[in-house]
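Heads up, there are several structures right after this.
You will see subunit A twice below: alongside subunit B first, and alongside subunit C after that.
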Partner chain A sequence: MAGYALKRLMTEYRELTLHPPDGILAAPVDEENFFEWECLITGPEDTCFANGVFPARISFPQDYPLSPPKMRFTCDLFHPNIYRDGRVCISILHAPGDDPTGYETSSERWSPVQSVEKILLSVVSMLAEPNDESAANVNAAKMWREDRVKFNQIADNLVRKTLCLPLADS
Partner chain B sequence: MSTTTPLTAGLFSTNRFPSENTNTRVTLYLPIGCIIFIVRIFLGLQTFVAACVLRKTHALRGLVLRVMSALLGIVATSSGEKDESVRVFVANHISCLDHMAVDLIRPCLLPSVWDIPNVLRWLFGYADLGVRSGRGELVRQARLHIKSDDLPLLALPEAAMTNGKKALLRFSSWPFEVSDRIQPCTLRLSRPFFNVESTIIGASWWQDTLWFLFLPCTIINVKWLPTMQRDENESMDSFRDRVAQAIANELGIELSNWTSADAVEAAKKYRQETQRLRIAQGTPSKPTTSRTLIDPKRMDEVAMRIKQSHPTVALLNIRRDLEKTKDMQSTIERIKNGTVKPISTAEHLSNKKSPGSSPNEWHSLYEERKWTMIEENRAKYLQKHVED
Partner chain C sequence: MSEPEDQMLTDDEDDFDCAYYDGDDIDIREDFDDEKCNSDAEQAKIESLDTFQVERLLNESVASLIEVSRITPSLAKILLLSYNWDVKKIHEMLNKDTEGTLLKSGVKPMSTAKRPANNTCLVCYHEDEELRALCCGHGFCVHCWKAYFETRLSEGVSSKISCMASNCMLVAPPEFVLRALDKASLRAKYERFLYRDYVMSHPELRFCVGKDCLMVVRSKETKPKKATCTKCKTSFCVICGVDYHAPTSCDTIKKWLIKCADDSETANYISAHTKDCPQCHACIEKNGGCNHMQCAKCKHHFCWMCFGDWKSHGSEYYVCSRYKENPSVAAEANHVKARRALEKYLHYFERYENHNKSLKMEEELREKIKRKIDAKVNEHEGTWIDWQYLHTAATLLARCRYTLQYTYPFAYYLEKGPRKDLFEYQQGLLEKEVEELAWAVERAGTSDRGALEAHMHRAEHKRITLLQDFFFSPSEYDAPSSSKFR
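On to the complex of A and B.
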């Protein structure tokens, strides 16, 4: 089982290296362990996260791609669909069986035809368009709805942090 | 180098040669010493065989071994009266051959505290009394031993060597639990003409032994003190302190609160300190203050922190330099003195090269793309905000 997972991860790794999608990078953390990846996601243009380069970790199960991987941002990210500890709450990472929120249709769920690239692209669009109906971070969802200026300000500071820039005065 | 530093509290020597004079003498003696040393290595092997063949209770053994160890440069002398009825001796610990010196005068066993192979232990004449199974086991087996075996036990309750000039380490209490009657003895070591320390802090036993073989001769004097008996109501600890005090008085030194664990710790610290000094002297530009190497997992984070204060330098270059120095401070210094170059066009060109087929190349490509991606977004972000 793990052998198949390894082969599949290797293929995806090659694909991502040879044809990197715009604004996305992913690779195993080290050559010893192909089940733990580091990835970088650029905040989409024309959003409050634009130009931010957000690092995250993806952990793959031994029976990948039957089960979905887990993804966690390793930087601070204030976003309605990201838990405070960085875990990403997105339908593509959930197996068809379990639905923690009840808002997802099974077509958006994890299945073996999905891939790291598709996950990362979904996360990019999630950054652009938060889904405040299935909130992982209630405060962020509330601020997103009610005080967009402040939300953008927080997001801007997070972007600056990922770019090694000093924080802007609020 | 002074022999008293705060690290050693004067209990341990830091330099083999207490005076410049000794140093000169040893240098002059070196050629002769080397010849003697080589001859003694062969003699030592024979002594070893003799010691193994003649068991400890054998009458001839004492004589044979004393002659042979004199040839090896180890002379044991004794003063005071040994008490043949006592089963446990306690002595201070000043060199790695202490037990051998006592053994030459009065055959005895030293409970092995090291985890060494059985064959080696047998050869050296140590007894395995189950130290590794804990103190309780040691005391139990030691009690059994002194009842059943002819050979008395020698205990070195300091458990670590000192220079024997300032103070005794705190005695461990197990010998005092084993027997109520104990004969303390003091060990003094002297080396005529060559006043070389028998041991220094952080030295290993084989280094000490080589010095024994190299120098013309070392005299270890064992002085037997009157046998001490634990009083009816006396506690183990106070008996222990009384014996320690007797030894300290005889040697004219104090009792210290240092335990053998403290001694080991001090040796470790001392070794680290000298190593650090050596590194610092090798590369004068580095500060001698304590430097801790960065955990590889934190290198990205540190690179980004450096970038914040040195924005003109490419992240990729910072990160690569950190890989080499593994130290934030040195990389910052290398940036300041120009070893780490600011952003150059060459870096951007290398980004264009096509990926190879091995995962190894992919990974370095990933690292390169990663930092370039941050660099480019950073530039774009700044551009945008300048326009705003």
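On to the complex of A and C.
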């Protein structure tokens, strides 16, 4: 089983290095272990996360691509669909039928034809357009809805933090 | 037997009387005589089916669907599964919106795809593989299909495995799955799961809850009546599958069983019987009479009544005079409340549990009655037939006690009011009759037959009075339609 997953991950890695999508870098943490990837995602332009560079980790199960991988941001992110510990809650990472919130019936689910690239592109669009219907971080979802100015300010400071810039005055 | 009561009896109640006067054992009646079984208002109308009969029943539905709408049997099964085997409804839906119905149930693909030019499997990225596709055209290599089905199967999914392509909801028909699975054990597992899904999705079918029993019970019952498997003789509620529980409703008995199983009452016990040390907040159970407490942990001396420092009590050793003006009276009230709740629960639970135990003990009574009859016949006190009424009495006793046991969870959740008063009054009457009957059965002789039958009649009548509301009136008892057990 693992050999099967490994082959597929190696192919995906090759594809990603040959034709990297804009604003995304992804690679195995070390060449010995293809089941643990590190990636860098730049915040989408014209959003409050613009210019930020956010590091994340992806862990693949042994039966990948039949089961979806897990993704976790390793920096601080205040976002409705990201748990406090950095875990990403997005429909493409959920297998069909396993829907903890019941909100995702219409959106795209995990299937074996999805790929790392598709996951990362989905995450980028999630950063641009949070889904406050099924929130992983309720406080963030509430602020996103009710106090966008403050939300943008927090996001801006997080962006500055990833770039090691001094924080803006509040 | 007392006549005036008969005026109140409806037809259904009469049936109860017939049921016990014909003197058969309940089980035997269910097994061999459907007519009589139907006459008993507590018994659900059921039909026990074995695997073969179930398959035949399902195939009949498939055949009738094929007749009205031209589709293949395996697609018909997928359709039936997603519409709970309601052939009529499917037919209506198909007439109204053929496309939509077929799309929604995963029989028809949303979009069809062309095969990739170089035969690349999009899952493993291997080229030049032999690709296999469902009618949606999403082709994947045999190896990936197999691995995919094995994974889904290990997750317990069988009847609703969809195509691997993203957002393609097309359901893989059994032939396709079976062709991809190469191990016989996996194929058997798939078929077993499929069968389980078919039965569970069928509104009239339920698996027998008996251990290792493969029978399926078919019933159209909407009230939580009693079903008895003809094979393993297990009795259960036809709606929710736990032990038969009239006059308690399915929801209530579920709540009650959970309450009995968890340790919420342990917490209540702690709250009712212990207090926290005012200094270090260690939990203390008072094990002596003296109100002068010393915390074993922090060595603090305090008064159990008012929680004040013991030193301030001065010379007033035995009377805590400061009890009333003390602010901790409010805290005290919580203890009292918890204690009341615990007492209430224990009151009902003890009686519920006690009847359960008595029922078990009275199972031995049957053996005893048998020996007693043998002995009596040997002593020429009446013939064997003369004594058979004792068995009838024991059966009736068990039935009454069983109902009585399940009145307690019901009463526990009943809100205070005239209805509860009435219910508890009737419950009290049944309680009294049951105990009298139990006494009479254990000590019956030939000459007491008349008296015993009077007891039996009274007990059964009280039991029916209690169950009357449950079976013949309000809809509030009706089980929610979604409560079919899994």
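Heads up, the rule we're going with is that the second predicted complex is superposed on the first by the 168 of 170 C-alpha atoms of A that agree within 3 Å, B and C clash if a C-alpha of one lies under 4 Å from a C-alpha of the other, contacts with A are read in each partner's own complex, and residues count from 1 in each chain.
To be clear about the criterion, a contact is a pair of C-beta atoms (placed from the backbone, for glycine too) under 8 Å apart; a residue touches a chain by one contact, two chains touch by 3 or more.
Because the structure is a prediction, the values reported are computed rather than measured.
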item	value
Superposition on subunit A - do subunit B and subunit C clash or fit	fit
Vertex subunit A, arms to subunit B and subunit C (CA centres, degrees, nearest 10)	100
More subunit A residues in contact [subunit B versus subunit C]	B
Subunit B versus subunit C as contact partner of A:114, first or second or both or neither	second
Partner chain in contact with A:4 - subunit B first, subunit C second, else both or neither	second
Subunit B versus subunit C as contact partner of A:18, first or second or both or neither	first
Overlay on chain A, subunit C to subunit B nearest C-alpha distance, Å	17
Touching residues (chain side subunit A, partner subunit C) in the complex	1, 4, 7-8, 11-12, 63, 65-67, 95-97, 108-109, 111-114
In the complex, subunit C residues that touch subunit A	122-125, 138, 140, 143-144, 147-148, 151, 155, 157, 160, 162, 164-168
Residue ranges of subunit B in contact with subunit A within the complex	300, 304-305, 307-308, 311, 315, 355, 359-360, 362-363, 365-366, 369-370, 373-374, 377-378, 380-382, 384
Complex contacts: residues of subunit A adjacent to subunit B	10, 13-14, 17-18, 20, 23, 25, 27-28, 30-31, 40, 42, 50-53, 55, 159-160, 162-166
